[in-house]
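Shared chain: chain A. Partners: chain B in the first complex, chain C in the second.
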Partner chain A sequence: MLQPRLPAARVATLTFLGAAGFLAFWSAAALSGMTSRDFLPAPWDVVRRFAQLVVEPFAGFTLFEHLLSSFQRFGMGFLIAVAVGIPLGLLMAWFPWVDRIVSPAFDAVRFVAPIAWVPFAALWFGTGIGGPVLIIFMGAFPPVLINTYRGAKNVDRKYIEAAQMLGASHLRAMTQVLLPAAVPSIVAGLRISAGLGWQSLVGAELIVASSGVGYLMVKGQAAVSTATVMSGMVAIGVVGILIDVALRRVQAVIETRRGL
Partner chain B sequence: MAIIDFNGVQRVFRQNGQEFVALKDVNLQVQDREFVAIVGPSGCGKTTCMRMAAGLEHPTGGTVSVDREVVTRPGPDRAVVFQAFALFPWKTVWDNVEFGLISLGVDAAERKRRIEHYIGLMGLGGYEKAYPHQLSGGMQQRVAIARAYVLDPKVLLMDEPFGALDAQTRVVMQEELVRLARQHPRTVLFITHAVEEAVYLADRIVVMTGRPGTIREIIDVKSIREAEQWDRHDRIEDVMDQPSFVHLRSHVWKLLRDQHGADLH
Partner chain C sequence: MLKSITSPQGVPGFSFGALLRPLAGAAGGLLAVLLLWQLLTAGSGLISPARFPAPAEVGAALRQIVIEGYSNGRLHEHVMRSVLLVTMGFLVASGVGVVLGLAMGASRTVEALVNPVFLLLRPIPPLAWIPLAIVWLGLGDAAKMMVIFFAAFVPSVINSFAGVRQIDLPVFEAAAMLDVRGWRYWREVLVPGALPSIFTGLRLSLQASWTTLVAAELVGAIAGLGQILNQAAQDIYPAMIVVGMVSVALCGWLMTLGLAWLERRLMPWKAR
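Showing the complex of A and B:
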């Protein structure tokens, strides 16, 4: 059963306690001497290193430059996933024969972790932008396709009947009935997709890239600078949250417009 | 000439190896510009009849033709007004009404002229840019009626269009529909379970009974309406007070009740 909603003040206190507890535990572990500070840096070591990475180039670029190139790859992979996933999902929902053709291959491929495509990314694209983009695409594509398909399949029958009665062509039925009806489901899918895409990106850059946050982390590891690795983790986390916040805004705007 | 022709229509469902006859021997001809209401209890197959004329369902025996063509699929020549309105929630009033006209390939200027005409006629002026969820149920159904009329269809199929409305709104909509039917006479097949509504609106009433769904009787209302000059009255309650109206209503009620009694025995 759901618990009653907590008052705002309680929420703020609990959030603060959670964060403070985590940092305290981390600091204590780093200071305890159980392991070398090189293996587990303290929070302030990370903050200092982070600030340094912002201004001083490391592995060729400053932190923001790395982030920018990561974000470009992410944006490309994500956009391709959206550009392929939404139309294909609509086609599958509208034409049963497309569904039958695509489903078997898709169902098999979507259980393969995006990172498993690294050998092909390297073979096909070398260290060009194509490699990481392929891996991001493999992570971001399934949720877009699945949510578009499910959202379109779950359209209330009466809208389909209305569209048929009004003589809508296949194209108009898909773009003006299925697509808008599926938008809430699609946006939910985009959030999952962006999350998975952003995660896969870092995996991809650990292996096939010469810039980006993942690359910065590999170089940090090679230099036994765990503070650098952790700075990369922090940057990834923050950007991940920002992407999700942006998509949540989109979701809220759409739901208000629909009167949901 | 019959515009809608139900010719020996049957509908049999198979469930768990058992056959269930939903409709049996339905023969009905709706003439040009005629307003025919089908009344009957729920489950008598009246909605199925309408959906067959729309091409949304198909008979298992016999044929349904509209304008001498056997109906095989839905299309804008047979406009439907659904009980649940079925307006597109993501489109404005204007865009909802325009949707079918675009399918028909009507050019922009003509679309504008026709939409404006029906939006005005249905009292929707000023709501062109509103979304369905911002409108009351009655207003939404006006949009749905405008969306159907604007297509200038061969037939209008209405499936309990006022069934989801409150009593007051319902009365207003019934009066509006009569007004609209006089200004723009069309061939209408109107499904309802409300006896008064059928007597008030229809030229002919088809009384259906269930298990299996069959036509019990077809009643000519138009000749009575014209003889008794119901059209002198603008308000539905004045028409309903006419002895001829009361008599007809009781007659239909009895037909439906006898069926109910027969079920109990």
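Showing the complex of A and C:
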């Protein structure tokens, strides 16, 4: 039988125990002297290093400057993915011939992991801004396209017929019938796409970049400073959560407006 | 005229034409893509060979890696190495992940206890473990295993957990009434009930492990598909980059197919 819900106080105690146990185990391993503290820092070492990275530049920039340049790349790649994905998804849903041309190519390219584009990113763009943007685009593009297409395909037939009967042009039908109806599906796709884009960005920065959080982590790795690497992981995780929270807000607002 | 001769004797409703048409369509599509590719690269020089290779160059690169080898090994050696690593890492991580997820689903005590640690690990993208793995374990297989583990672990835990919580209450009630417990409870209630969701998790885990391994090999490895990509990028050898990318995609696709086959075998009741 599934356990009945626990009282809140008990959940709090257990949560505290779990977190405390984890931190205690980690600290004990760090303090045991089996390895150097550079290799396995204690939790408070990571916190201190994080604070230090915020004020002192490492690998050329402070932590926030690295985050800013990562976020700019992310924003560009994500915006391009949205700007291409939504119109293309609508076109594919409206014109069957576009669907027949794009679908096979898209399916073939989708199976290539975004990170496998790194060599071409380096070849085409060097370590400038273009390389990481290409990889983010490759990660963020498929969910936008798929969700726009599915959302637009699921539009009730009678709205399309009504629009056609009233003489709506192709463009009007797509922007005023398909697009509004597909919005909830599109927004759901944007959330997935932002998550994948952010993940791909980190991978890209490990290889083709000269700034950004991924780059900071690579430099920390080269300096065998585990605390730096872990600070980078924390920063990436926190920004990832913030992006998701922001998009979830947008999704909630849209869903309430539509009375879903 | 031809139809009147063949159709009365043939199997009713059967014609080679109907069988061949989709194949012919696919072949035609492939041919069109190849032609377009050839025209854009070698044919017109619109895309410089330094940016993207022509079909013939890719063919030559493929021959080279299959027959002579490239970057410490022949193609099948690279493929074997990467696929073996992923399979091992994926099996370990998803084994641990599914059991933990089911335990978290079955017991709210375990859930409350494990959740804080899990919430800490969850937002970290799989690829972000790569630098840590390299600091701790170097560039060898152990580091790859660690990275694959973290990539595959999170989705299998989440989905197994959600799978248990999605089981209908009457199933639990029936199990309680029949006094099913212990090993039988897991084998006959939890696992079958959560299986569809477990498989969703496994599919995500497998994709994540494959992507992460390729990335980890790109960052540094002795052999493997990611290493081909890395070496080709350093040699500025676009044709070999294409060979590497296609191999990565094909292997990923075949492994996904394998998992889908397993899913059908294990869940025959879930007609597709």
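General observations
Everything below uses one rule, namely that the second predicted complex is superposed on the first by the 223 of 260 C-alpha atoms of A that agree within 3 Å, B and C clash if a C-alpha of one lies under 4 Å from a C-alpha of the other, contacts with A are read in each partner's own complex, and residues count from 1 in each chain.
Note that in this section contacts are C-beta pairs under 8 Å (C-beta built on N, C-alpha and C of every residue); 3 or more make two chains touch, one makes a residue touch a chain.
Just so it is clear, the model here is predicted, and its values are computed rather than measured.
Applying the stated contact rule after C-alpha superposition, one finds that A:154 touches neither chain B nor chain C. Taking chain A as the reference chain, the count of touched residues is higher for C when chain B and chain C are set side by side.
Residue contacts after overlaying the shared chain place A:210 against neither chain B nor chain C.
When the two structures are aligned on the shared chain, A:27 is found in touch with neither chain B nor chain C.
Contacts of A:36 after superposition: neither chain B nor chain C is touched.
In the superposition on chain A, contact of A:103 is made with neither chain B nor chain C. Overlap of the chain B and chain C interfaces on chain A: none, as no residue is touched by both. Residue ranges on chain C touching chain A, taken from their complex, read 29, 33, 51-52, 106-109, 112-117, 120, 123-132, 134-136, 167, 169, 172-173, 175-176, 210-211, 214-215, 218-219, 226, 229-230, 232-233, 236, 238, 241, 244-246, 248-250, 252-253. By the touch criterion stated above, chain B contacts chain A in their complex at residues 54-56, 73-76, 78-80, 82, 84, 86-91, 99-100, 102-104, 131, 133-134, 147, 151. Residue ranges of chain A in contact with chain C, taken from their complex: 1-6, 10-11, 14-15, 17-19, 22, 39, 104-105, 108, 111-120, 122-124, 198-200, 202-203, 206-207, 214, 217-218, 220-221, 224, 226, 229-230, 232-233, 236-238, 240-241.
By the touch rule above, chain A contacts chain B in their complex via residues 158-159, 161-169, 172, 176-177, 180-181, 183, 257-259.
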